[in-house]
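First subunit A sits with subunit B, and in the next complex the same chain sits with subunit C.
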Partner chain A sequence: MSGAVGREPVFPTRQSLGIMKSKLKGAEIGHSLLKRKSEALTKYVRAEITRRIDEAKQKMGRVMQIAAFSLAEVSYAVGGDIGYQIQESAKQARFRVRAKHENVSGVFLPQFESHTETAINDFGLTGLGKGGQQIQRCRETYARAVETLVELASLQTAFLILDEVIKVVNRRVNAIEHVIIPRTENTIKCLYYHPPSPDVAHSNPNTDINSELDELDREEFYRLKKVSGKKQRDVAEADAEILAARQKAAEKEAANNTPAVAAPSTGDTDAPDVLGEQEDNDVIF
Partner chain B sequence: MEGLFFNVNAGYVEGIVRGYRNSLLTGQNYSNLTQCETIDDVKLQLGPSYGDFLAALPPNPSTSALAGKMTDKLVAEFRYLIAQSTGSTAKFLEYLTYGYMIDNIALLITGTLHERDTRELLERCHPLGWFETLPVLCVATNIEELYNSVLIETPLAAYFKSSLSHQDLDELNIEIVRNTLFKNYLEDFYNFVNTHPDFAGPTQDVMSEILQFEADRRSINITLNSFGTDLLRPERRKLYPEFGKLYPEGTLMLSRAEDVEGVALAVSANADYKSFFDAVGLSQGGGMGGMGGGPADGKSLEDLFYQKEMEMSKLVFTRQFTPAVVYGWMKLKEQEIRNVTWISECIAQNQKERIGNFISVF
Partner chain C sequence: MAAAATYKDRQFLAVIGDEDSVTGLLLAGIGHVTDGPDSQRNFLVVDGKTETSEIEKTFQSFTQERKDIAIVLINQHIAERIRHTVDTFADPFPAILEIPSKDHPYDPEKDSVLKRVRRLFGE
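So, the complex of A and B:
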C-alpha cells in the first residue's frame, strides 16, 4: 500500500522529519474533527430533515387534495370559471416568503418563512353575488397548501445542501484517512527508522530498513567507527611505543644499575636540549 | 281566455322545452353516476342525454372539458328555441341572455382595465351572453371608448345609464359594477314580466316569484360576502335589487347588518329564508366560518338556495301557456351541469364521501 501511496518529496533532513511529524499530528486532529462533523451532519439529516420531509410530504398530499377539492366546490357554487377574474384582480402578493439562514455544524442552511399580508385583499369582492364564501375558503385552503409547500421547500433545500456538504466532508475524511495519513507516515518511516524487531522488519519488506536517514545514520556510524578504529589503532601503537621505550629504559637501568643520581643525567640526555646547539627543524631561520 | 292564443306563437317553443325537460337527468341517473369509477364511465352514463356532444371528447376528459361540452348542448338547444320564438316570447328569451351578457362584459372590462389582449377574452365569454357588438369590444382600448362606442348600443346600456357612468368604470371594483348591472337587470326583468300584457297570468305569477327569490338571494349573498371586505354599507345597499319578498324592510335591515346574526334577523320575516338560516345557523353555531357551510354537514346556505331555486324551476312545468318554462328548464340544466361537474370532480379527485352533495329534483 505504501508503494501506491508514495511519499512526500522532501529532503531527508531532521527538519523535514519534524515538519512531517507535525503534519501527521495535524492530519489526525483534522481527521477526527471532520469525522465528528460528518457524523453530526448525518445524524441531523437522518433524524431531523428526513423525518420532517416525510411528514411535510404527507401533509402536502393531504392539503393539496383538500385544496383541489375546495376549488371544485368553488366551481360548483359559482357555476363558472372565475380563474381569469382572480388572476386579473390579484395585484400584490398576499402570501410572502422570507428567507433566513440557519447554522448547523458550520453549514448555512436557507430557511424560508411564510407570512400573510392580511392588509392585502385583492379579490375580496369576487363572488359577491354568489360563491363568495367558497372562494374565500378556497383561498385560505390554498394559502395553507402553499405554506406546506414553503415548509417543504426549505426542508428540501436544506436536505440537498446538507447532502452535498456531507459528501464533501466524507471525501475529506476519507482522503485524510486513506491518503494523507498513510503518506505522511510513510514519509516519516522513510526518513526515520524506528528500530523494529527484526522479524517485523523481515515480514514486512515495506518497513523501509533502507530508509534514508537510517542509511545516513549508519554511514555516519560506520565512519565514526572507522575513525574510532583508526584512533584506537593509533593509540595502541603509541602505547606500544611508550611501553617499549619504558621497557628499554627499564632494561637499561637494570643493566647499568646506575645510581639514582645518574638517572637525571640520562633524563638530560634523553630530552633534547631545546636551548642547545642542535638545529631546530621548525625554525626556518 | 288567457291561454287562448298562446299556442299560435309560442306553442312550439313550449312543446320543445317540455321535451328537453324529459331529457334532464333523474335521481336514478344521478345514482348511476355516483357509482362511476372513472370519467369515462360518467361519459358513458351521460350518453343517452348528451350523446353526440360528448362523442368528440378524448378518453378520460378533464371535468372542465366535460362541463364545456354539456354547456355547448345547452347553448345549442337554447339557440334553437330563440330562433323559433317570436314576439314577446323572443323578448323573454333575450332577457334570459342578459345575465350572461353582464358576465361577459364584466370579463371584458376586467381585461381592458389590465390591457390584456381582448381576443383571448372572447374565447372565455359565455356563448349565451354573446351579442353582435361583443367582438367590437376588442377594439376599444379604454373604458370610456368602450362605453361610448359599444355598450351604448347594447340592451345593457340602460342598466349602465341609470346608475353608472363611464367615469365609474375606471374606479369601481368590477364586482360592484357587475352586481349593479345585475341588480338593474333583475329590476328590469321583473318590470318586464309584470307590465307586458302578453305575460299577464301564469307567466307573471311564476316569474315574479322566481325573480323575487333571485333578488332576495342576491341581497343575502352580497350582504354575507361583504363582511370582512372594504365594501361600505351605503354602497352595499345600492346593490340590493329594489323588489322581492324582503324589500323594503328586509333589505333595509340587511344593509344595516354587521354580522350573520344581523342577516338572520333581517330575513326572519320570511319563513323560507328563516328556515334556511335555522338549518345552517343551528347546525353550525352561526359563526362566521359557518355561514358558507362547512364540509361537516354537507349543506350550506348556498346549497339550500340552489335547492329552493331548483324546486321553483321544477314547479314552473306545472304551468302551461308560459315561456317561463324556458327559464325553469335553463336553470335546471345549469344545475345539472354543475351537478355532473361536481360528481366528476369527486370521481377525478377520489373524494367519494361528498359525492352525494348535489341537488336533484327529479
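So, the complex of A and C:
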C-alpha cells in the first residue's frame, strides 16, 4: 500500500478491521507502559546506581589502602614473607556470598550478601610464632574490605543487568512507535469503512481512495444493482411474453370461436319468440 | 528470570592479583580449593614472570568454566594486560571487579564498568 510502512496481510473484512483496531489500542497502551518502564529504570540507574557505584569505588580505594597497610604491618611483625604459607594453607572458603533478589520495575536484580562460615578456619596456625595479633587485625581489615567489594560487585551487576534491560525496553518502545503503530494505522486506513455521508467522504479523500471495505461495498452494491436490474429485465420479459402469449391465445380463441359465438346467437334467434310476431304454425285459432 | 538458576549456587569469590593482594584476600578467607583429583584453586598469583596467556586462561576459566564463582576480583594493572578480554566480557555473572593494588593506585578512567557508565550517559 502506501510506501515503506506496509500493512498487515489481512483480508478486508469487518472482522479484521475490528481486530486491527483492538491491536492498535493494545499497541498504544503497551507503548506508553514500556516507555514509562524505560524512564523509571533510567531514572533509577542515573540517580541510584551510578552514584552508589562511584561512592563504592572511592570507598574501595580507601579500604584497600588501609588493608594493604595492615598487610605490610604483618610482614614486618612476622619478619618474612607469609604469602606462600597462606596460599598453601587455603583450603575451604570461609568468606562466601549468597545471591538475593531485588525487584525493580519487574526486573530481578541479584544482590550479593556476604556471610562467613565460622566453622572453617584455615589459618589457625598462621602467625603462631610471632605477629599473631597483627595477622588477626589484618584478617579483620581484609574481611571488611572484601565486604565493600561484595557490595560494589552487587551494584555493578545490577548496573550491567539494568543496562541490558533498558536497551531491550528502548528497542521495544522504538519498534512499537515506528513500526507496529504506523503499520496498524495504515492497515486500518486501508480497511476503514466510513458512513456513506458525502461530507465524511470528502473530508478525507485518502480514506476514500484507500478504503477497501468501501470499495468492496460499492462493488457489492453495484453487483446487487446489476442483479436486480437483470432480474427486473427478466421479469419484464417474462411478463411481456406471458402477456403476448395470452393475447395470442385470446386472439386465437377469438378466431376459433367466431362460429361458436355465432351459434349461440343463432340459437338465441332460433329460440321461438313466443311473444314475437312470428306466426305459430301449430296455433290453431 | 532464567538467570536465577545460574547464580543460586555461585558462592565463591575468585582473585587474580599480585602476591600482596592475594595474600590479604586469602587472609580474609576467600580461598577455596575444590576437592577431587582435578582440584582447582580460586586464586592466581601474578608476578613479573607470569605469562599473559596464563592470566587469560585463568580469567576464562573463572568466568566461563566454573559455575560456582560469583565475583572475580582482579588487580587493575593485571586487568590492563588482558584489557580486551575483560572489556569483551559483558555477562552479569560473575561480576568482574577491578581492584587497586599496593603499587598501582586506582584509576577510574580505565575501569571497564565505569567506562560503560560514562558511555551510557554520553559523557
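Operating definition for what follows: the second predicted complex is superposed on the first by the 184 of 285 C-alpha atoms of A that agree within 3 Å, B and C clash if a C-alpha of one lies under 4 Å from a C-alpha of the other, contacts with A are read in each partner's own complex, and residues count from 1 in each chain.
Convention: contacts are C-beta pairs under 8 Å (C-beta built on N, C-alpha and C of every residue); 3 or more make two chains touch, one makes a residue touch a chain.
What you see is a predicted model; the values in this text were computed from it and never measured.
Undergrad: Touch test for A:Q133: subunit B only (first), subunit C only (second), both, or neither?
TA: first
Undergrad: Just subunit B (first), just subunit C (second), both, or neither: which does A:T50 touch?
TA: second
Undergrad: Identify the partner contact of A:Y76: answer first if only subunit B is touched, second if only subunit C is, both if each is, neither if none is.
TA: First partner only.
Undergrad: For A:V150, select first, second, both or neither according to whether it touches subunit B, subunit C, the two together, or no partner.
TA: The answer is second: A:V150 touches subunit C but not subunit B.
Undergrad: Quick one: classify A:V97 as touching subunit B (first), subunit C (second), both or neither.
TA: Only subunit C; A:V97 stays clear of subunit B.
Undergrad: Now for A:Q65: first (subunit B), second (subunit C), both, or neither, which partner does it touch?
TA: Both: A:Q65 reaches subunit B and subunit C.
Undergrad: As a test of reading the superposition: which chain, subunit B or subunit C, is in touch with more residues of subunit A?
TA: C
Undergrad: Once the complexes are superposed, what residues of subunit A are shared between the subunit B interface and the subunit C interface?
TA: Overlap of subunit B and subunit C footprints on subunit A: residues 65, 68, 72.
Undergrad: What residues of subunit C sit close enough to touch subunit A in their complex?
TA: Result: residues 1, 3-4, 7-8, 10-13, 19-33, 41-43, 45, 70-71, 73, 90-93, 95-97, 99-102, 105-106, 108, 111, 113-114, 116-117, 120-121 of subunit C touch subunit A.
Undergrad: Using the touch definition from the top, list the residues of subunit A that touch subunit C in their complex.
TA: 45-46, 50, 53, 57, 60-61, 64-65, 67-68, 71-72, 82-83, 86-87, 90-99, 101, 108, 110, 112, 116, 120, 122-123, 135, 138-139, 142-143, 145-146, 149-150, 152-154, 156-157, 159-161, 163-164
Undergrad: Within their complex, state which residues of subunit A touch subunit B.
TA: Against subunit B, the touching part of subunit A is residues 65, 68-69, 72, 75-77, 79-81, 84-85, 88-89, 121, 124-134, 136-137.
Undergrad: Which of the residues in subunit B end up touching subunit A in this complex?
TA: Touch residues, subunit B against subunit A: 63-64, 103, 106-107, 110-111, 113-114, 116, 121, 124, 126, 173-176, 178-179, 182, 217-218, 221-222, 224-226, 228-231, 239, 289, 291-293, 300, 302, 334, 337-338, 341-342, 345-346, 349, 351.
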